[in-house]
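Order of writing sets the chain letters: A, B, C and D. Residues in each chain are counted from 1.
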Amino acid sequence: MIDWLLALAQTLLFISMAPFLLGWIKRVKCHAQNRAAPSLWQPYRDLVKLFRKHTVLAERASWIFRATPYIVFGAIVLAASVVPLVALDLPNAAIADVIVLVAFFSLARCFTALAAMDIGTAFGGMGSSRDMMIGALAEPALLMAVFTMAMSASTTNLTEAVTYTLNSGLVLRPSFIFAMLGLMMVAVAETGRVPVDNPATHLELTMVHEAMILEYSGRHLALIEWADQIQLMIYMVLIANIFFPWGIATQLTANDLALSLVAITAKLMLLGVLLVIWETVMAKMRLFRVPQFLGFAFLLSLLGMLTHVILETGG
Amino acid sequence: MSPLILAYLALASALASGVLALGADRYPNLLRYGSSLLLGFCGLFAILAGSWALIDETHSTDQLALGLPWLKWHLRIDPLSGFFFSIVGVLVLAISLYAPGYLREFTHQGHRQSLSVLGLFTGLFIFGMLLVLLADDAFVFMISWELMSVSSYFLVAYQHEHAANRRAAFLYLLMAHVGGLAILLGFGVLAGFSGSYTFDAMRAMELSPTWASIAFALAFFGFGMKAGMVPLHAWLPEAHPVAPSHISALMSGVMIKVAIYGLIRFVYDLVGDIQWQWGLVLLIVGATSTLLGVLYALLRNNLKRLLAYSSIENVGIIFCGLGLSMIFIGTGHTVLGVLGLMAALYHILSHALFKGLLFLGAGAIAHATYEYDLNNMGGLIRRMPQTAVFFLIGCLSISGLPALNGFVSEWLTFQTALQAPVLASGVLRSIIPVAAAVLALSAALAAACFVKVYGVAFLGMARSRRVARAREVDIGMRAGMGLLAVLCVVFGIFPSTVISIIDAVPMMLLGHGAPSASAHGWLWLTPVSPKVASYSAPLVFFAILVIALISYLLLRGEAAKIRRGPAWDCGFGSLNSRMQYTGTAYSMPIQRIFAPVWDIKEDVEETRNAVQPLQTDGIRHQLQALDKSWSRLYEPIGSLVLAAARRIGRIQTGSIHTYLAYSFFTLILLLWVVT
Amino acid sequence: MTPLWLMLMIPLSGIVLLAFIGHLRLAGWINVALSACTLAASLWLAVLVLAGGPLLSPSRMLYIDAFNVYLVALTAFVGLTTAIFSRPYMQHEVETRHISKRRMRLYHSMYQGFMFTMLAALTTNNVGILWVAMEGATLATVLLVSLYRTPEAVEAAWKYFILCGVGIAQALFGTVLLFFAAERVVPVRDDALLWNVLYSSAAQLEPAVLTLSFVFLLVGYGTKVGLVPLHNWLPDAHSEGPTPMSAVLSGLLLNVALYALVRVKMIVDGSLHSNLAGHLMMGFGLLSFTVASLFLHRQRDIKRMFSYSSIEHMGLMTFAFGIGGPLATFGALLHMTVHSLTKSAIFITVGHAAQIAGTQSIEKIRGLIHTQPAVGWGLLIGTVAIAGFPPFGVFTSEFLVLTATMKSWPWLTVPLLVGLAIAFAGLFRHIHPMVYGDAPEGQMPVRANMIPVMVQLAFVLWLGIAIPVFLSKWFEQATVLISGSSPL
Amino acid sequence: MDLTQLRLYDQAILMSAAIVLLTSFVMLAQARIVPLIHTFAWQGALLAITTALVAYVTDHPHLYISAGMTFLLKAFLIPWMLHRLAVRLGIHRDIEVLTYPSMTLLAGAGLVVFGYYVAIPIVQLSTLVTRNTIAVSIAVVLLGMLLMISRKKAISQVIGFMSIENGLFFSAVVSTYGMPMVVELGIAFDVLVAAILFGVFFFQMRASIDSLDVDRLNRLREGDE
């Protein structure tokens, strides 16, 4: 019972940390591009503001349009709950393994894409078409990366995988490096960051994700934004904890948990900085160069898989 | 009293419904109600018989005094056939609810086709399918198999005013015939060695690996052709859509499965020792079918044709499952083999349900709007709310989204693929993950495809007047779709329970169940062991529900008034339906990325303004994305035969002297040969 | 003996009787009546044989065993159904094509003549008489082929006459050689052509001579069976003659010719200790089968197309008889039955279709199902049956033949299957547009009696689902007779 | 065996057999219609004579009957009919163009050799005095077919057909001293009917394609137009 509560607590922690992470990234970015930076808490303020606002719906919006934010939020939060953030061996990790995790993302994506077409605006259709295309290409890459990990750990259960890397200590696995790079590129694509998409843009022709949620307002928008922040964080936690699990709590003792909390925060902030650097040096690319980008991600993950088969198990 | 009795009842009522329909030309209601009622009984009996045999884990056999004097009809129902029997039953039940409403338009005056024909061959078609599942010797199997093909051919040719339909029907019958011959030959190989055509004899005997492989190749060709594997698939998307929709549902939903049943029966039950090379073939063909199937589907805008192509994709997934299982069995990992088989079986079940549902949905749309073209639809969610819900469920589960049945089978397939490291051969270990990646790609593309379908057909604004005026279909049709939709959800939420029932099939075929799959109760699905992978569909389903609900309740405060207003759309003024993304536009990015897959014919005609040549008055855009297998495979063979015929034709010159010379020289030649 | 004599006398008297009856309707009815009596007699005979085994007439001129008795019944049956069909059909022809009374007298009289020669050929015990009867069949039908007097008809008749005449002449030479070989071992010289004598003393016959004689007989009777490359008369004669003639030619004449071939093969096999005869027949059979199936693709005339399909099926039967062995023989016998039933039914339907469209050209016949559903469906179902789809009997027999081939010559199944597929495509690519689609202007329904067709197709269906006991007993006895062992 | 040991009658048989063969060649070379018919009649006559001789030598009385029948049919009736037809159809003065006459004759010679080669197994068995003429009979049959193949006129094809019949009859006589009577009668009947039918056909042909040139009969064919 207690560990179920812990699991709940971890999930809550997870979703409450997500805006903070975004705030951190924005702040660092501003510094990097020497602009005046908003406070770390800005994302929270935005959410609260949106929650307070009245919601305006287009006349033609059907129930799908209204249900989507909740479904998306639900799926993403559930996804967040199965990712080991600070502690391992929590029971909820068994609810869904990493493949299901990926499926949660595609569930969210599908509903967003549907909702985008509900009103019948040209932008909605455009965004949804593009997003489904990107998703269709990102998902296999993501799965390949995951499979590499799963094969060497011979499990798709995240906790087990993390434990495996912990126990096997520091081993230099070419497959893991490839897989990690692949995973990072996919993360960039899936969370709609530069160079695939630009979260800050509102230039219609370059929008992908933004175009889909143009018609949302008020709390619906808030939920979707929050879900996106959580998704970004999920990716970063995955990268952090699967490939550098050190510091995560293996026993549920107070100081272990505290330690791992510190550890993960540090790791996330570090990753955030990396992301900022990446986004700063990169330029947004044309839509039809995205497939090449994702193709490369897929190639990396595939290489990871093959090196695993060839070099590490010596078949 | 045994399952076989119920099976006979099912057969009888199928036949009866066909016979009863003979009077339908005079009394249309005989078909709409009488036959449909009988079909309903047929479905019920089939479900009962099937599930009985499945749960009982026994098999009962029987002989009918028909057929050849020395080869009676051997019939038998066992868990395997029981499983498929109940799938057929479910679909038949659904269409029996659906048909009365759907057939109303066929009974209108001025409708030129004979209703008797429709009813008769529907009955025979179902009868044939059920009989195939019962067959226990090659002779009955072939008879019922071809009966199934022929009667479905008549249904495909039913609306034969359009030349395209005639062509499709001809192609279908031809391919069915060729496939049938291949299967016959495959059985011939087995019978040649066992000396008898009964399946028992075939089970008993041992084949040399070479002959076994030959037999497998023939069977794979025949059954694969019927199942629509690439590159022999081209007939399928032609034939399945042109039949009346409830028939399309049966063809795509069940007939394909019957073909796969044949393959499973042949390989797992009759041939004997499975070789892993077969599995590899199946895996590669399956992966190819999956990818090409979904890509072809993506570019179709005729709803039913799109669905037919997606059937090819799903057959590919099933083949992948079977292939993996064969590889594992062939290399001695029976337990994993069971897992793969289970994945395949589960996907067979899921696909039957959601593909049937989607075809019925397409039929409902056509019934309400007379439209098959996506680009004329739109906004149906407001005109046909309930159909929209059912169709959405279908779309979600075919896209393999969690907590629905489509996802379970894909997840199981992935889990099987992930067990590749146990294999000794490095080649297999590296091929299987690639195949898995292809599966992943196809799954994502399928999601894109069906988001397109649903978005274009049901969301947005109506693109044509008839669609704008559509009305919700009658209660029967909704009931038919509803049944399947509910089943999609149920089989999605309680996979462990279902699997523990299906377990009888691998039990019978391989003497080994998948014990760990449902070892941890109905809540947890743990195919190998909880340590390796676990999935709890019920928890996922309810968790998402609960979170969504909580967030909804938390947010419905005073602050949260909802105001309706015009769409913002970045402030661009009034919207109209022609501004929306069409199906073609939606799939354009994919088309550009995977361009080499199709034979693309695109042409754009600009009509310039007469006064100012720089100004364009209108643009006409035509896009044809043709299936490559036509230009690569079918047309060459056709022209080859014709060329041969032309050459042969020359020997008949019309001159009697030549003819006399023929007989003269034949005589001389023979005399010379024999002396 | 009485039924036997009756059966032969009825058509014989029919020849004379009908030659003097100018009244068209009356003649038609009498024709039907005579055929019915013949059928009755033949059934009576069949029962006798089934009960009492082989019959040998006192003069030893006639011999009935399980092999020919069912062919006799079949011949009489198809004769009757075709007569029923020919009555309204020929009336329509007379009205539309202005055939003179004289010619119609000839037609009816020769119809009976043909039946007589067929039955004589089947029942005779004398190989020489068998030859005479076969030649007689040609003479009886050749004038009917040219009944319409169109250039094509005359040409077809001439080719039929000359080619079959020459062919049959070679068969006579074969018979002479047979006699030559036999008279040296048979005590009584005049018995040396009696089939049962030859069969019993086959072992002592000189192999070398019998080989020669079989070659001549094969080429001779093979011409009548329509084996490629001796088949050239067949499509012409079938397509240009009146449809009832095509029906009986395809349904009966070919069978009887094959029957003759098998009879002599039985003797030759007894003498030769190799399977030379079998191999020759297999070769010719396979060749005819494949070539004919290719020809199907290029047809423009519907009757011509179905005559090629007859060649194809005769090829299959010859091949099967060539394989020998109980399974193949059983299959071949069954195939003989179902083929003549189906094919004559098809020709009847085709006749109606041609009258509906007023032409035999495939391009001009369209949308029959709309113009006259009965005919359209008849044609479609018939084609499905002849293409070898279950549950029709043709499938059963082809199944057996394929099985036998699989057992003894596995690699020959490949050309067989390819041939079947090609033939199927050839048939359906033409049938489809004729049956389906919209009917063109001016296509009028005609007075068609589809009952014979229904009955025959029903028989074929029955044979496909279950072979009735008495029939399977016939087949079995015949199989034992021909191949020496039983498939059961 | 040596000719000189044979009795005169046997020598006569062989002699007439040789002449029968010669007539076949003459027919092969004969381009005029009427002489062709006459040659055919002569062949029939010789056949009858040979049969009679055989009957006398081997003392088979029933052969006299067939000899008589042959004479009646082949030497008298059929030639007469053909002649009348030729006159009535006005083709009795026609001259046929023979394509490669010399080639045809050479081929004929080849056929004789082939016939001999084929006949060897039969000859070895036979003990009859006439056994060596079997080869001749086969040759006559083959030559008849050659005639049919090489000629364009319907009437000459008929004559070829009839001479094949002659060859068959000849072979029956010389190899087995004739078939059983009933068969002989049947054959004779068929030949007669055939001859009559041919007559009918000449008129039909003339009526439909107003010519007796069988090359004109080539409407029914499969090759591309």
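Some points to look at:
Rule of thumb we're sticking to: a residue touches a chain if its C-beta (ideal position, glycine included) is under 8 Å from a C-beta of that chain, and two chains touch if they have at least 3 such contacts.
The structure presented is a predicted model; accordingly, all values stated were derived computationally and were not measured.
Taking chain B out of the picture, touching joins the other chains into A | C, D. Between the interfaces B-D and C-D, more contacting C-beta pairs are found at C-D. Among the remaining chains, A is positioned farthest from chain C, on the basis of C-alpha centroids. Measuring from the averaged C-alpha position of chain B to that of chain D gives a distance of 70 Å.
We define each chain's centre as the mean of its Cα atoms; on that basis chain C and chain D are separated by 31 Å. Spacing of chain B relative to chain C, judged by their CA centroids, is 44 angstrom. The geometric centre of chain A is 35 Å away from that of chain B, both derived from CA atoms.
Counting partners per residue, chain B has 646, 648-649, 651-652, 656, 660, 663, 671, 675 as the residues that reach two or more other chains. Multi-chain contact residues of chain A, defined as those touching 2 or more other chains: none present.
Residues of chain C in contact with two or more other chains: 158-159, 162, 166, 170, 212, 235, 295, 298. A list of each chain pair in contact follows: A-B, B-C, B-D, C-D.
Those residues of chain D that touch chain B in the complex are listed here as 114, 117-118, 120-121, 142, 145-146, 148-150, 152, 157, 214-215, 217-224. Those residues of chain B that touch chain C in the complex are listed here as 65-70, 112, 114, 139, 142-144, 146-147, 149-150, 157, 160-161, 163, 166, 169-170, 173-174, 177-178, 181-182, 184-185, 188-189, 191-192, 197, 641-642, 644-646, 648-649, 651-652, 656, 659-660, 662-663, 666-667, 670-671, 674-675. Residues of chain B that touch chain A in their complex: 378-379, 381-382, 392, 396, 399-402, 407, 411, 414-415, 417-418, 420-421, 423-426, 429-430, 433-434, 436-438, 440-441, 443-445, 447-448, 451-452, 454-456, 459-461, 524, 530-536, 539-540, 543-549, 551-552, 555, 559-570, 575, 577, 579-581, 585-590, 592-593. The part of chain C that touches chain D in the complex is made up of residues 126, 128-129, 131-132, 135-136, 139, 142-143, 146, 149-159, 161-162, 165-166, 169-170, 172-173, 175-177, 179-181, 183-184, 189-190, 192-193, 206, 208-209, 212, 235-236, 239-240, 295, 298. Here chain A touches chain B in the complex through residues 51-62, 64, 67, 70-71, 73-75, 77-78, 81, 94-97, 99-100, 103-104, 106-107, 109-110, 113-114, 116-126, 128-130, 132-133, 135-140, 143-144, 147, 150-151, 154-157, 160, 202, 204, 214-215, 218-219, 223, 287-288, 291, 298, 302, 305-306, 309-310, 313, 315, going by the rule given at the top.
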